[in-house]
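Note that chain A is present in both complexes that follow, paired respectively with chain B and with chain C.
Entry: the complex of A and B
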């Protein structure tokens, strides 16, 4: 068995307890909410018989452990039941909305990376100069700007006066690539700015740390071109920890997407989650929560594999010697 | 003409608590084919001297005064490009902690390859090289040959190993290999055998002796190990707190030290043939680099201190077979 495969399997095994933990929390959402969900759904004036009938239908009359096993058994097959509100299959609802959130998050991440790399590198290379101060002030502003406010500002400044940008909604890239770009740009900026600021600071700090390393001194003492050392070796070594942070920040990105989808009227997972919470639509809430958990675990698995590929020191669980 | 001639070198570090005078007026010459030992305790300014020779001292450090001439040219007035040609090409440096001196995410062979490639004619753009698009078969063959020459077994396979896959002794040999790759005329070796076991140390010392004999290379060997100096060096320079205390032929200085500091260093070596003798420990500490005495730097610890030692640091007296910065040698001065 190849080392990569063995490593992957090991990481996948680790994902199981993580996801089981997430499932317990998700399942408890329904149990710990005050009040009887059946009573809530049917309203105050519903008869006791109707409530009992719904409880049976939802399985709420069974012991909690049985309910949990049932939940996990179905969830593992991608079945979260039906929406209490619309009677639609939760999985179908999720599948319909995933492309929007995926497009928004990927675009946000892309903007964060495209902005942070040059700005962070310039900040490090020109440490203490005007460009560095500008990048640091920019990063501070970016980190402290709330995304909903930035979203509204972008709508006001760009979308309202310029017809090129829609004020509401989002077109998927599979439908119309050009409309997809114009409709995704502003929400992606609103979502990606804080990430860009964080990554800028990380990258700048990481590069400054790396520049103090012995190998940089060696390269200089051996007449190796300064640009080569800075833009290839120092940058590569500084990017490594940044990749881990990108994986960990995915949670923040999805959290931000909830708000940004609301501001820009994007029919994604975040909007679905908010509607479901207001309606106490438990199966939908559970579906969204598990989806986020799985995405998070998968992204971090990807980061681990990528990291192991890039950093020979942690090459797939130890050296051969 | 000497390969290296240092005159009145001063290297200072501007720190928040004041200026640290790491090197204060060092004079040093090395001829082709000569191995000169630079000895002294930690903090005496040995490594800073070596960095200054290649103009490698970085902020907050600065070379405050003095000249460094390599092969007649003033190193400190060269442009960064001219320095890059010199560094690693004609002058090379072996660092104290070799594991730290290699890039952890690049194979050792590749790092040696890049040094050689950047000093060969017709060098390509550094970014092309950095992306690994110029892998040069000749350079690789030369690197493998060098790894073999410094005693790394299975050099072909070792070429593709990363630094963390090397043992301490192996990475030290790879470092030595890197220093010798471009047939330098001057090698600055900063404690190159510290941390190696005796047999590997002997191997590396042998390597340097051969090198000097075959290529007439000049070597500055920085160490605190006087036994290595005795085995290897033609001349020895004893440093203390940024100053040269004694310079002369190894034999003269080690067999009959004129400076009380050199004597104290020699007395500090434990003698295996006299196990019952109480070990000599030098009294006091190296003076605080921020607040060094005005007089002789060693005065506070010197067993033969006189009143005037506290007034001025003594000039160097030439006693024929050596120079000594101590008033005790004044009478012998020529």
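Entry: the complex of A and C
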């Protein structure tokens, strides 16, 4: 257990420099903007006084190092300042939007997992047969389809003729569970399909690799039921590496959510970020960027913990990678 | 030196044989060649011939025709027309170049930086390796598309911005792939031999290690191209990509969104173009990987 603890501590210590680095990148978004960001935000026609005022507000008159320390100090406390557009606290804006993006991403992940497991397993078990070919073609189409176009197609085919599915907006589970399901289903399919396809390919390949292992032959030689070998031992060993990938895919899901939210008019953090970019609302952009980085790193930490729990080779192996 | 040359021609020959014999590989290669040809055609036709060829065969992709808004697909307009009365097929053809240029550009950008970084960190190890790979971890803390969006927030719109933004986002994958290959290559005998013979480090890296890392880099490049084409379309869809008069599939789809209830063809065809192109690169990537790496039956290297 102490080894597991040490492993976890190591991962936690890895996260700190990564997040500090992420904060530098986030901070640089405004610094990298060519010319004077204050002038950039206010436009060419703004008076010199207004520009100076904004520079003071953004802290741009201070040395860059002081600005950065100030940014990190506040960001660590969850304070990203005020929106330049609405004067709202950025953190409050984020908190209001998080539930939508969370509901969409979790639903998307659920669809990816629920679809990929049976399809991937059938593909591996029936290798070379029609079912396998179908699952491989499906997976290839899945990774080749842009999520926002799939979203448009789903609206075209389902939401336009059927009133049950709204074309625009999303209801939260906490407000109305049934409306939440119907309003989340189509965007979640749009978001989850590519991930489902990736997971399918991974699981199928993993299982086929596992089936080549010595223990499978041994189990067969011992006369253990083929099904038991496949569905218990092979599947278990093939699923483990897939879990790490799900952690990585969370990033792809969050990134995809930004675009899918735009298609379905979902008021999540992605839509907030895009609006902020058009309004040159840098504090909001920084808030969203940092929030996503923290979520992504935390999710991967969580997956590592889970993985270490499930696979003794990791926590007993000592060094990582 | 002859070793490098041989392994390189061998790689090309294996891919070539695969494409000749495998139907799937052939399909992928045909799609890829076709989309590159379309992109080249639209560049030549647009900038040298001022839309002469496409106007003769189809319609001017830029010409507004207010009397023929959102016309259904017909013989005259096989893919229908958009909200300005422009021919969608002509615009889809012209849109190919944005996808290909941004895709190839960002992959080249990512590959040049990522591969150099991967080789240097693997060769020197120690502090260099640590710093380089931590930097990659930082970039990986952001989902690629979000990193690109954040960078575009300060770079603004346009071809160069989007190539840089996507390029930066894909650097880590090239760095990691190259590093892990270079780590195994650097202890090979010919590398040691070159070092012992006193070759400058730069030559060892470029002439000995780099050519032997080509295989995974080519595979990574093909798959990243597929991802980059989807990403470019997505960013253009969001309004963060290239500037509007340039025909691009992403911008067409964002226009189509408004007319989703009335003009199905407008959202169908540009998306189909993206899917087919990306499928082509994915098929080719699969085939190249299988041809170059027969022992990897599984697909766990997909990410």
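By our rule, the second predicted complex is superposed on the first by the 308 of 321 C-alpha atoms of A that agree within 3 Å, B and C clash if a C-alpha of one lies under 4 Å from a C-alpha of the other, contacts with A are read in each partner's own complex, and residues count from 1 in each chain.
One rule holds for everything that comes next: a residue touches a chain if its C-beta (ideal position, glycine included) is under 8 Å from a C-beta of that chain, and two chains touch if they have at least 3 such contacts.
In this text, all values refer to a predicted model and were calculated from it rather than measured experimentally.
Colleague: When the two structures are laid over each other on chain A, do chain B and chain C clash or fit?
Modeller: fit
Colleague: On chain A, which partner's contacts cover more residues, chain B's or chain C's?
Modeller: C
Colleague: If we overlay the two complexes on their shared chain A, which of chain B and chain C does A:190 touch? Say first, second, both or neither.
Modeller: In the superposed model, A:190 contacts neither chain B nor chain C.
Colleague: Quick test of understanding: once the structures are aligned on A, what is the angle at the Cα centre of chain A formed with chain B and chain C, as a multiple of 10 degrees?
Modeller: Roughly 80 degrees separate the directions to chain B and chain C.
Colleague: Tell me the contact category for A:225 with respect to chain B and chain C: first, second, both or neither.
Modeller: A:225 contacts chain B only, not chain C.
Colleague: Measuring by CA atoms in the overlay, how small does the chain B-chain C distance get, in Å?
Modeller: Minimum over all C-alpha pairs of chain B and chain C: 13 Å.
Colleague: Just which bits of chain A does chain B share with chain C as contact spots?
Modeller: No residue of chain A touches both chain B and chain C.
Colleague: Please output the residues of chain C touching chain A within their complex, sorted ascending.
Modeller: For chain C paired with chain A, touching residues are 134-135, 137-139, 141-147, 149-156, 226, 230, 233-234, 237-240, 253, 256-257, 260-261, 264, 267-268, 270-271, 274-275, 278-279, 282-283, 286, 297-300, 302-303.
Colleague: For chain A, which residues count as touching chain B in their complex?
Modeller: It is residues 213-215, 217-228, 231-233, 236-237, 240, 310-313, 319, 321 of chain A that touch chain B.
Colleague: Given the complex with chain C, which residues does chain A contribute to the contact?
Modeller: Per the touch definition, chain A meets chain C at residues 14, 17-19, 21-22, 24-26, 29-30, 32-34, 140-141, 143-149, 152-153, 155-156, 160, 167, 198, 201-202, 204-206, 208-209, 212, 241, 245, 248, 251-252, 254-256, 258-259, 262-263, 273-274, 276-278, 280, 282, 285, 289, 292-293, 296-297.
Colleague: Which stretch or stretches of chain B touch chain A in the complex?
Modeller: Going by the criterion above, the answer is residues 54, 56, 80, 83-89, 92-93, 95, 97, 100-107, 114-115, 118-119, 126-127, 129-131, 162, 164-165, 178.
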